[in-house]
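The next block holds one structure in the form of structure tokens; read it before the comments.
Per-chain numbering from 1; labels A, B, C, D, E and F assigned in written order.
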Amino acid sequence: MPAPRFVDLTFPEVAELPEGTVAVLPLGAIEQHGPHLPVSTDYVTATSAAEAAVAEVAEAGAAPVVLLEGLAYTKSDEHHWAPGTIWLSWDTLMRTLVDIGRSLQTSGITRLVFVNGHGGNSALGQVTCRELRRQFGLATFFAHLSVPGDQVRDVSNPHELGLGIHGGHSETSLMLHLRPDLVKMDRAVRRVPEQLTAYEQIGFGKPVSFGWLSDDFGPDGHIGDPTTATADAGKVLFEAGVQRLAAAIVEASTFRVR
Amino acid sequence: MPAPRFVDLTFPEVAELPEGTVAVLPLGAIEQHGPHLPVSTDYVTATSAAEAAVAEVAEAGAAPVVLLEGLAYTKSDEHHWAPGTIWLSWDTLMRTLVDIGRSLQTSGITRLVFVNGHGGNSALGQVTCRELRRQFGLATFFAHLSVPGDQVRDVSNPHELGLGIHGGHSETSLMLHLRPDLVKMDRAVRRVPEQLTAYEQIGFGKPVSFGWLSDDFGPDGHIGDPTTATADAGKVLFEAGVQRLAAAIVEASTFRVR
Amino acid sequence: MPAPRFVDLTFPEVAELPEGTVAVLPLGAIEQHGPHLPVSTDYVTATSAAEAAVAEVAEAGAAPVVLLEGLAYTKSDEHHWAPGTIWLSWDTLMRTLVDIGRSLQTSGITRLVFVNGHGGNSALGQVTCRELRRQFGLATFFAHLSVPGDQVRDVSNPHELGLGIHGGHSETSLMLHLRPDLVKMDRAVRRVPEQLTAYEQIGFGKPVSFGWLSDDFGPDGHIGDPTTATADAGKVLFEAGVQRLAAAIVEASTFRVR
Amino acid sequence: MPAPRFVDLTFPEVAELPEGTVAVLPLGAIEQHGPHLPVSTDYVTATSAAEAAVAEVAEAGAAPVVLLEGLAYTKSDEHHWAPGTIWLSWDTLMRTLVDIGRSLQTSGITRLVFVNGHGGNSALGQVTCRELRRQFGLATFFAHLSVPGDQVRDVSNPHELGLGIHGGHSETSLMLHLRPDLVKMDRAVRRVPEQLTAYEQIGFGKPVSFGWLSDDFGPDGHIGDPTTATADAGKVLFEAGVQRLAAAIVEASTFRVR
Amino acid sequence: MPAPRFVDLTFPEVAELPEGTVAVLPLGAIEQHGPHLPVSTDYVTATSAAEAAVAEVAEAGAAPVVLLEGLAYTKSDEHHWAPGTIWLSWDTLMRTLVDIGRSLQTSGITRLVFVNGHGGNSALGQVTCRELRRQFGLATFFAHLSVPGDQVRDVSNPHELGLGIHGGHSETSLMLHLRPDLVKMDRAVRRVPEQLTAYEQIGFGKPVSFGWLSDDFGPDGHIGDPTTATADAGKVLFEAGVQRLAAAIVEASTFRVR
Amino acid sequence: MPAPRFVDLTFPEVAELPEGTVAVLPLGAIEQHGPHLPVSTDYVTATSAAEAAVAEVAEAGAAPVVLLEGLAYTKSDEHHWAPGTIWLSWDTLMRTLVDIGRSLQTSGITRLVFVNGHGGNSALGQVTCRELRRQFGLATFFAHLSVPGDQVRDVSNPHELGLGIHGGHSETSLMLHLRPDLVKMDRAVRRVPEQLTAYEQIGFGKPVSFGWLSDDFGPDGHIGDPTTATADAGKVLFEAGVQRLAAAIVEASTFRVR
């Protein structure tokens, strides 16, 4: 059973989707990712992972699932200063997601999984999940290809000191796996904010978060060390991420809290 | 010279786009299109036409141009009642387009052409064009694959009486050309609101417009006669539309009013 | 039967208006109209035409009709730079019209015709018509004294090359007919943006519209050739326009799409 | 020197208004006023008084002054339940007034007097006056034809017990003076909420105000005793009010706090 | 019977509050009050008075009453220029109060008394009272510790000429009574805008109000004469104010307009 | 050196706060916390902890710091159904925090630490921190008394299975330490959503979050096991939390990313 794409259906076909169908909405971003990665990086990773996970669930017949067209333009205000960033304000994105939730209710959808590729969307996504549940009764879930680097320490490249959260080892590896034609490894340079290690309370994945803009860290735009990235590492990260997303979609299809 | 896609560029590459580069933004819709067409119809036609027109301009080296990732979810409130319609309210779409215009300004873009596939976006698009010009100094242009049927009478299928504005002969032909796999011609039925011919002042393409919802016309959702649609007719319509769009993009690259 | 003015009625009289009564709302503008016309031009023409058309319908007993107090301040953002322009932003005007629609619903009004005198309101007016239909079930119609010059080419003065869209031959003639005391013909000069004729795709009444501000065309503010205007020409335009509006009101009183 | 009407001017004439010109903006309302008065009552009284006061100031050459087109539709939410009431929400009216203030700044106006005919606008008007001063540097003033009955006790008809705040003795008298053709004295009945006299702290013009809707008082809509109203009383009230407004305009033209 | 504090209750206890319980919400401000008073002045006076009045009503068993946690940050835009002022815009405060009203409805509260310590909140508070009544059916009341000086002339210190509206004799006396530790009498200077006495129509407590910012009056921020303030005067003012508030709460518990 | 309270200062004193002063803003909530805890629970814990941490920093002279008056009413939409919950919508709270940030900029404050007592504020708080940094240049930090239970598993009571996120062992212990007079231990019952342990991907502190309302879990409102709570455990939790907050404030006073 191939995974249906919502947009490929006629409206009567949407109306006939099985009860409990899980709709999956990729959230990307179009934003600067350093001099070596395309501005589509988060959009590519989110949509690729969501497609693969939905396909896996559908092929296995593990749960009724449908893939929504993803959002390319989201909340990238931390990169507002950079050419190539196209960002929605917090209230524009919030209104967009509420409008989508309202529309899904009319379509008979009751379960929605966000697959997010951009850490800057995570907080607003949490707010959205609750708002859609309250307003429209949707069961909502917020998933990432990987847990974002600004929430837990990323340990895959020790030279990053756990600070490779934007355009670093992981994202560059993922793009070398998914779209090597768009990666400029000759422009890749290490930009690790080592000063952050001096703080115990404040930092990425530490008890106290802070409000940062990417140009706080310098003019290059990325935060991490892309020089160690490889397509093989990207393949491992991608496939592990897809497995987890597929498992999450299956759980979401029957999730109950009591 | 292949047409660059904005999202494939790194941020320094965006910053180096030639002065006067025309950015092209497809506006689709995800909305019911009758029982025979997918809800993606307007999104497919807008993005296909924009891509083809941008490619033609770029290959001819006729003007500097860049293709933006299109918007799938737009203003489909006339189809709000239908499963499969995912619609943004007027203010959500307006805010989205203003946010995009603001971002393009940071990217150094000064000329923006909308390629619209959904008639329901036309009015708000006009409002947007002026707003973006006033707020950000953008030169803005609003183009359609074809002039929307609710603004001038469509004469390509006489059985439609000029009323084939949604899911009728033209759109169905276009989809038979572009995505025949998604068209269900066995579900295609004629739904022409013949009663409208009784009015001289009020109607599609008449002096007085009216505020309509698609379920005012009946439960099937489309307005027109898709039964006569063919892929050949779609090819003619598409190619003529692309030629016009390419010409418009070239004009937009040097357009001045004095 | 004189046409009742809504504002002259007591509230029980409003409640007793016949079912199907058509409410007519003039939309003017207070905005710069060149050095020769008052800033009230669009407000004068819209309210004069609406009054005359409503009177004609009422005297003929052709349909139940009531005239609403018009809006003087509307969406004149294209003239935002000029002294004398008092403009509402797109969202303020939209909210205003939605509030009026909501109120009319409480008054038992089910049919609403806008009589618009300002081209800059047309696009937002279309958005409003749909919004009022969806939210309040109002049958809504959007009419102009004349079809605005930026939508179809105006042919009444060949020296205008079809570009007399603001303060040109037509509007100046109308004002010479309606309020000659307010016209300064000694300040009237020809300001026709001849450069626009060089474009095939982009322009007033052409396939591709553009977002313009009136100072894009120069510091005088008007666009067209008022020097040929006469009160006689204005009388002809006005009376023809009123006839068409009256016919539209009658059609609106029984308009059905199926 | 006749008082110029802003809307009658061309835009260069607006630009040449003398420095310190006081702009006067009538605020009416279109709202139920009981079974005996037209819904235009507050609009008629506000615009009539503003016109007369402006004319008096201009004729005396006492201050540079210009009359703006008034607002008919304002904040009548207390009468939201009634046919005939056309009301703007608090934020729509606030946005409208801010937009007007912004536009006046572009027109070179630095002093603005509101002449308010509707008590329900008073509170929001205070908020507006400060907002326009802060945002645009306008010197702003809020005046009434008479001090509204819900702020100080009205003593002109003892049978009203000071409670004739809407459609009572004063307003009915004013309308008998200004527009006797629109008054239905045969429908005038006494509706005085005598119960209010039982409270010492809470009430109209008492230390503690309360949030009321007009249907809290009964289905007739008015609050007061119109049966004693006369055109003569209206004439006295009107002329005294106009004198006060004219004096206020003159003071506003040079008002300084230090 | 001690007055319950809303925040001290469990949610089942809130649900069991007697029908007709009057909720009391203090509205303070954190804003500059001249060089001699703390920025908390209005918050201290409002919360102190509300607490005392609620306690008195509860102890007397005169009415069911509950004290809500007050708002410290409110609408202090007239002091926007000053360090120490933390102000909400008009729409933020309005939305806050609407949200609180909505929440009280869920809590079963039907009567709400605002106790306001800041004159700058009075106008918006009136708007709120009506909005909450219309939207949620709440019986709403707006009370002050004292009637604000910009609404009626304050006569307690003749050297203030009735102009001691902010940080003058009254407020300084109140703070000397309530929080003498926070008053810097050595910084107290007389700042009375004597020029205002030259106007008959415009001014504090006069027929025409004006939109003022506190720095219109000078850089010191206060308006009045604090040099005569004493703790004894403050005690008298406070106790009289509390008596009136307690009486108002009792009236509010059974207030009916018919 | 006692920690200054912002609200106790005069405005000149605010202006003279040392450069780099850290402002600390407690974020509470007034919301149902089960049948055994007061609706003030999060407000009490946040303000108590912030006060203690600020006092410790100030007494040690470790950093310049000032305590702001906290917010009692915040984003408690997950408890919207319950009496006792007073909640702001996401946009009301966001606007409030933006307004506060804007005001602090005027006060010369450049560093702001939120001390949050309510998990439902965390996501919006992250959005706020970035918005305040972008709009006003504030260095912003978001801290919790404890890391919220819906983000990492709480392990202090094994019977809670890591699910004691609202009104469970920790919060009840804290309140037994801080305000034992407000705790009704006789109403404390165990409410642990054991079904959640069946999911690997979705859950509190798991890779995929979900949008929940507290009544999804049952009518009692709390989630966790308060029956094991003790004042001693609360003391340990509180003191450890305060130590961490004090350390975070000190770090915030000099925090730099490069």
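As a convention for this text, contacts are C-beta pairs under 8 Å (C-beta built on N, C-alpha and C of every residue); 3 or more make two chains touch, one makes a residue touch a chain.
By chain, with names taken from UniProt: A, B, C, D, E, F = Creatininase family protein.
Here the structure is a predicted model, which means the values were calculated and not measured.
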By label order, what chains touch subunit A (Creatininase family protein) and subunit E (Creatininase family protein) together? F
Shortest chain-hopping distance from subunit B (Creatininase family protein) out to subunit E (Creatininase family protein): 3
Can you give the whole-Å distance between the Cα centres of subunit D (Creatininase family protein) and subunit F (Creatininase family protein)? 48
Compute the distance, rounded to whole Å, between the mean C-alpha positions of subunit D (Creatininase family protein) and subunit E (Creatininase family protein). 27
On subunit A (Creatininase family protein), where are the residues touching two or more other chains? 80, 91
Determine the shape of the graph in which chains are vertices and touching pairs are edges (line, ring, star, complete, other). ring
Give every residue of subunit C (Creatininase family protein) touching subunit B (Creatininase family protein) within the complex, in rising order. 75, 77-78, 80, 90-91, 94, 113, 120, 122-134, 138-144, 147, 193, 195-196, 199-202, 207-213, 216-218, 244, 247-248, 251-252, 255-258
Hey, which residues of subunit F (Creatininase family protein) end up touching subunit E (Creatininase family protein) in the complex? 6-15, 30, 32-40, 43, 68-69, 71-73, 80-89, 91-92, 95-96, 99-100, 103-104, 106-108, 182, 184, 187, 221
